[in-house]
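The structure appears below as structure tokens.
Per-chain residue numbering starts at 1, and chain names A, B, C and D are given in the order in which the chains are listed.
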């Protein structure tokens, strides 16, 4: 059974935007089939509820919100980034770039700066805010399993974190992409690949830390 | 005499906020004496004008804007950061955290993400946007000579950039701090320490690049 | 057809060790089937020959060589790293940790510092030496497609490089892992996924740059 | 009085080479006057002894050892780096690039990869090995106060570490450079600037941690 140190662990929720999670979202059609099959929304709810109850730090890890002219003069945005630009994904000031209501940040959550590529650590302040919170272990949920989740997780390992993936609290464009993420690639870098049920079981009995128990370090 | 390749060079303008540059700004009293002695505002104007005329990419490198609760639960913010927090420096949504009007971003400028410590490269997207623009050389102006300018410059060198400092287009809390920055420390890491007059002379004859001359790389 | 700027492009050869590429190597059994099917050795020879003939910078990107006690006291090496430690992969001072003779560094090649995880950029000097050489485009070959090659490529994109993968100049533990790397994941981050034949065709007509043509930048 | 958590603190000893610390070393003349005035060698001995006795992790943070051709084809090494290259400082395979005997690594010490510029964190594995050891606080000693020590310390802060400098366990080219490092710049980023006497007092009563007390995290 998993054991967790709630004072050392953060839940990283990647890209909880309407464009990903709402039925009218621009990217929902891409992930809808897998998301429905794995029960994505229910699992994200169960995990965020259990994590907050246990006192685990929740960190929102948001993708860059589209702005006009974003890629002007860039030598070589990659095709995926260029595609997102053309479709104006997560456009700033629009509904698609707003938090999906069920997963909007709550009081006490942290929001790191936006990542432009795939890794939540690249070119953002995620590492430094985790360090200042004494976090050594991260659990990743959200979207997409083989893009932002995987890149963020690969970076986390290189940065020295203990990394847990949750195979039914994410989604992707196909069942094959999910298998690549969790069964082919994750075993080569992640510490734990678990399920929502297991993770919630591990979180359930945990007491939130008292303020006095966590000393400045 | 300095030579510059306008297609490869960016002007990094660090922290052009009212709190630093305006007479009522919270940090103006700290830098006022040196800023006045070196002619800071006139030099910043001369350089930004010459750079834009020559077609050099201007990048605004902004400090983190204060928000309530910023440091809640941090293990060990440093004393300088804690002091800025107490004084609510560059507070978001206030005049002090707005651009000083003379140096507000213009069309075509880039604005990288905010740095929380001293280095404009640490925990921001500055490096990646410079790379995508083909930039290999940076010129640093703005505030403060021995804090954000120096840390940004030290990072730039480690990242492989050619680094130019401008001794009278910055300021600090004392003449001694200016001397530390430019005469004691800069020679150990920077490529060039110059003056506004020299820099503007080097920029004056340059033609802006035609769009066709800069191919994607 | 691909076009390449030889002065801006580097060939990154990941992990050309005996333990990976020689028949008695510790990891050869893991990759032997795929390596044989894709014609790995012949393709690596063809590409390195064509690259050197065209004057492209070759950079050896080596994995950490095992040393006794490497992971002593580590909080949480990942299972893959722990497995490599137990098997003493690429052990320093042994044949397995020596270069596979056909792919040993040649005069003019660069060797960056060793990566301990999967990314050749993480915790190494690879980025800075590429920047100092004016490199903006990287081509990745070597091992393993879905581990070190993929992590290095994902980092390269985040760092602002243009990234080319070569689907038959690498190998993996299974055909499925190759498909994950090149058909499922690469399209979400890489700029080009090509073949040895196409790459060699693009390299063949290129003239090596004359020293005088490449000015310091 | 300082308090230290021995399980969370590392002593970073920067550049303990003969070329810096021995009378015949190439760089000894540059630092000799200040080093003698502050009692450098005696203080380095006192601190390393007290740290090891208390069970604090010692990490050697070594500068790049000179090799022929190191900077061949580099676009723009900085003047300081170019000067070190010409003088063949810390040359690999020579006495000058060997550890100064009194401060050679002991069993249990860690040695991170070599830094080429000034920061022990830039382009090295220092951050990741500290994270894997659970280190959140660093104390910096060695050379030079306003170059490698200062750059390493500035990086440490950005990475989220708590940073302590020791004003008489380092040296520089002049008393003014020492003052810049400790009195002008350090207060803008470091957490603590202390002395050898204070540090040794804080370390003296500490018990080394028992293996069982430090759980994997």
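One rule holds for everything that comes next: a contact is a pair of C-beta atoms (placed from the backbone, for glycine too) under 8 Å apart; a residue touches a chain by one contact, two chains touch by 3 or more.
From a predicted model like this one, the values you see are computed outputs, not experimental measurements.
S.K.: So which chain is farthest from chain B, going by the mean of the CA atoms in each chain?
M.R.: C
S.K.: At the interface of chain C with chain D, does the proportion of residue numbers present on both copies reach over half, so same, or stay under half, so different?
M.R.: Over half shared, hence same.
S.K.: Pick out whichever of the two, A-C or A-B, is joined by more C-beta pairs in contact.
M.R.: By the number of C-beta pairs in contact, the winner is A-C.
S.K.: Any idea how many Å lie between the Cα centroids of chain A and chain C?
M.R.: 29
S.K.: Find the geometric centre of each of chain A and chain B from their Cα atoms only, then give the gap between the two centres in Å, rounded to an integer.
M.R.: About 33 Å, centre to centre.
S.K.: Would you give the residues of chain D that are in contact with at least 2 other chains, written as numbers and ranges?
M.R.: Expected reply: 75-76, 117, 122-123, 127-128, 131-132, 134, 136-137, 158-159, 162, 217.
S.K.: Would you tell me which residues of chain B are touching chain C in their complex?
M.R.: Result: residues 5, 8, 127-132, 134, 136-137, 158-162, 217 of chain B touch chain C.
S.K.: So in the complex, which bits of chain C are touching chain D?
M.R.: Spelled out, the residues of chain C in touch with chain D are 73-77, 113-114, 116-117, 122-125, 127-128, 131-134, 216-217.
S.K.: What part of chain A is in contact with chain C in the complex they form?
M.R.: Contact set of chain A toward chain C: 75-76, 78-80, 117-119, 122-123, 136-137, 146-147, 150-151, 154-155, 157-159, 162-163, 174, 176-177, 180, 184-185, 187-191.
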